[in-house]
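Both of the next two complexes hold chain A, though its partner changes from chain B to chain C.
Moving on to the complex of A and B:
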């Protein structure tokens, strides 16, 4: 396996996805197989080749710095699973 | 504009919409192409415009105000869009009737239509086969005549490959040609909204309507929009990807179809030249790093706080982890994990950066090829539509089959997939044309030439009965 079980768990933690033991083993196997076929990339001579971050744009245009309407708060909150007063409600993150 | 096939009166438009609604009610039970049908909205009067009377379906990762946009995911099963995507605003302003939202692989990740949380879509040409993906519902709805045309999104082939499997035309424009405002992001440097229709001219007309600059998408091109209507191909130089046609693993019927298409173009006055894209052989590796890396970042927003479902858990961290564990399906989790891995400390240079460098080599290959030709012809997919369930346990085999659509995506170039015949058992075969950036019309013209000599390619035979006539000027 190219990727260890511990690494797979570490990635899942970084990605904030809970995986049970079976899912972890399956994920390790699948990720390893996918990474293995990407070996061709490591064998290519890419020294001195610049990276393409975006194919068709070289710079982003700037818009006029003018005030404009944004989504009304009520509508912005309408899809949230829980709201309180004028914001998104989340489980407590601090003790006090 | 030639309106000889156009709509005569508003009541004729309503009658047309009703016929499509009836067809959806009759046929979509077996196809599962639609996730929501908006009968009431579709029957409301539309603005007058060049798309008056056109009944259009929209992929369910494109926001439509006041309606659900699920992305084929449990994460967004009840999400209602607070605004219209730019393309939806454009469709409404052009007079189109929006009939509903189409099924897709979850968050547009997949090549078969089987990754939807709301069930797989079936191929109208053979219900035991996949329609392709990820714009599975859009392609199936067009092929079965449940609408005139549809919008899809194409990140690595998600408009072109289902168009090929379902026997319709699909256009992926140049990256930046169409605003992504209101398209739920998967891989932002690759995502592009495209069009699907039963004939080339209709797909081109729809593309004209949705193209153009939009300040709300920072990557939107400020180019003037061409008229994308097809022109003749006399003197057009067609580059044929000989290497792709000789690649091991191709279905020979696909290869024969491309050769037939090349001959048809030659007969119409185009010239054929051999071209090669040597670095495109590595496109699968580059794409399946770049797209998941971008996805791992873009899909971080689905955390159960601002929209979508939330799993209740003891603390914030567990809320995120449980929400994402329950909300995402296996393919989405796989890609987020892959992208997170490739961007994680120690691997960035080995994977993501090398993939971006390879992207430069692929762009250079296209530049060289376009020195000797105007448009490049090759297959859209290595084989016709495969059976439902055949590849669900083998994600790698699904990735590898994207080999022919990925290079144009990585280079940001416009591409079109158009039918070029059928197998003996009635499965559609397709050809793909890739053009230089912002030269959509060259690819569209080449596709139209094939349609003229090998077509017309119309609705899937089992759904031919009672299809409303096309409103597209010059359509068959």
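Moving on to the complex of A and C:
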């Protein structure tokens, strides 16, 4: 295995995904397999090959600084589980 | 006893002065009702694609050039992943491996000598939403600020004292303002500073464990927070303890720093290139077009060379609009020193600044007209102040006000001589005292003549006539 169970658990915690013991082992095996494929690249001589920054497009388009209509607030809030005073209501958080 | 020194690096987030957000066309106007400047892009809805704002990039290029940064023609946006309610997508679009600007330098003046502070990088990113505290223990999230364009300027750990840090921040704010890139408003949070502070024994090359100070909203508090933190860490280490790597904030009420979160939540942002955003390749035409406007130091030097005191040059470059106003008055023909004095004493009392904008009570061209009327002897300096007050309220040109109210200076020697004679015959005892040697009574006579002429007599002629007769 390229990555340990502890590392798998750490990634799951950062991603806020709860895994039971069996799922953790499965995830460890599958993540390891992905990383091992990437490791194959190490065997190639890539000196002088520029890094690929994007799979398809070589540079991104730019947008002029012109305001466009925003969503009506009712629509913006429509998908929220809870709203209050025109805000998205979430459990209390500490200020960062 | 071991001597310690502080090592300080600063991270400044400046909101770029654009009309729209970094990756969508929603307005960046401050103070709108909650969740009215939002769209599928800045709300992180599935399938919405970000497109970078050209203006934001230009402004960050301009600041990079002002700070002599290495400019990267190709940079890249990356995802910085973390979970928080103010981040709808679960990641912030930032730049990581390939920022827009690399190493640069900012020179500050401290106690009369220059100090060069290294800049590590300047990168582009988007702001997070704002959390508001609702009733009943809920947090309410307003996404108007989400996606607002920011530039983050990271300094090298070159600073050693709180005073140096404060000087650096003030200078950086000045560069932002004179680039027209950021309004430098600490209170509204469009200019935000985080400080990394550590200490080490003098002579040790390795850095000590650093503490990050966050959310400090005034220059004075930055200085106080860093001073407190240096003292706290020094005492801790001198007593045999260890500094814990953590984030702390500053409480001005208590004048101390307070721990915000511990090591167990140490950040692991798992940056990776954003697949929604291909590499940012700066267009040639943009590189050719974006230039750095004249900076405050250069304007000050120019003002001093034209005869202004360094104090006056400082005041008149405290805001870019003040400098432009002064330049306009001088360009319209006013003497530089006279213009500077009048603008400082009269105009700035009525001027109001709002971010990068400023409003003046009277257009610069009108002030130049008024000063020309003083220069050619039509009115004297004292009357000019009265005329200016009326210009502020009536918005009328100075010549019209002078004409209408007959304020033109009396330079006719015959007319003034009549008043002088009258004043002398009305005050025989003062005349006698003057002739006995109390020559400082001259001022009294001048005052009487000016009073009798409602201040319109040419003071030079009054003085001459009084001396002749006394």
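Keep in mind that, in the parts below, the second predicted complex is superposed on the first by the 87 of 96 C-alpha atoms of A that agree within 3 Å, B and C clash if a C-alpha of one lies under 4 Å from a C-alpha of the other, contacts with A are read in each partner's own complex, and residues count from 1 in each chain.
Quick note on the criterion: a residue touches a chain if its C-beta (ideal position, glycine included) is under 8 Å from a C-beta of that chain, and two chains touch if they have at least 3 such contacts.
Every value quoted in this text rests on a predicted model; they were computed, and no experiment measured them.
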{"item": "Partner chain in contact with A:85 - chain B first, chain C second, else both or neither", "value": "second"}
{"item": "Which of chain B and chain C A:65 touches, first, second, both or neither", "value": "second"}
{"item": "Which of chain B and chain C A:37 touches, first, second, both or neither", "value": "first"}
{"item": "Partner chain(s) touched by A:19 [first = chain B, second = chain C, both, neither]", "value": "first"}
{"item": "Residues of chain A touched, compared between chain B and chain C (which is higher)", "value": "B"}
{"item": "First (chain B), second (chain C), both or neither touched by A:54", "value": "both"}
{"item": "Partner chain in contact with A:76 - chain B first, chain C second, else both or neither", "value": "both"}
{"item": "Shared chain A surface residues [contacts with chain B and with chain C]", "value": "10, 14, 16, 53-57, 60-61, 63, 71, 76, 79, 82, 88, 90-93"}
{"item": "In the complex with chain A, residue positions of chain B that touch it", "value": "79-80, 82-83, 174-176, 189, 215, 218-219, 221-222, 281-282, 284-286, 288-289, 296, 300, 303-310, 313-322, 324-325, 328, 333-334, 336-338, 340-341, 344, 350-351, 353-361, 363, 395-396, 399-400, 410-413, 437"}
{"item": "Parts of chain C lying in touch with chain A, wherever the complex brings them together", "value": "18-20, 24-27, 33-40, 43, 45, 51-57, 74, 76, 81, 83-86, 98, 131-134, 137-143, 214-215, 260, 268, 270, 273, 275, 277-281, 283"}
{"item": "Sites on chain A touched by chain B in the complex", "value": "3, 7-8, 10-12, 14-19, 27, 30-31, 33-35, 37-38, 40-42, 44, 46, 49-57, 60-61, 63, 71, 75-76, 78-82, 88, 90-93"}
{"item": "Touching residues on chain A, where the partner in the complex is chain C", "value": "10, 14, 16, 53-71, 73, 76-77, 79, 82, 84-96"}
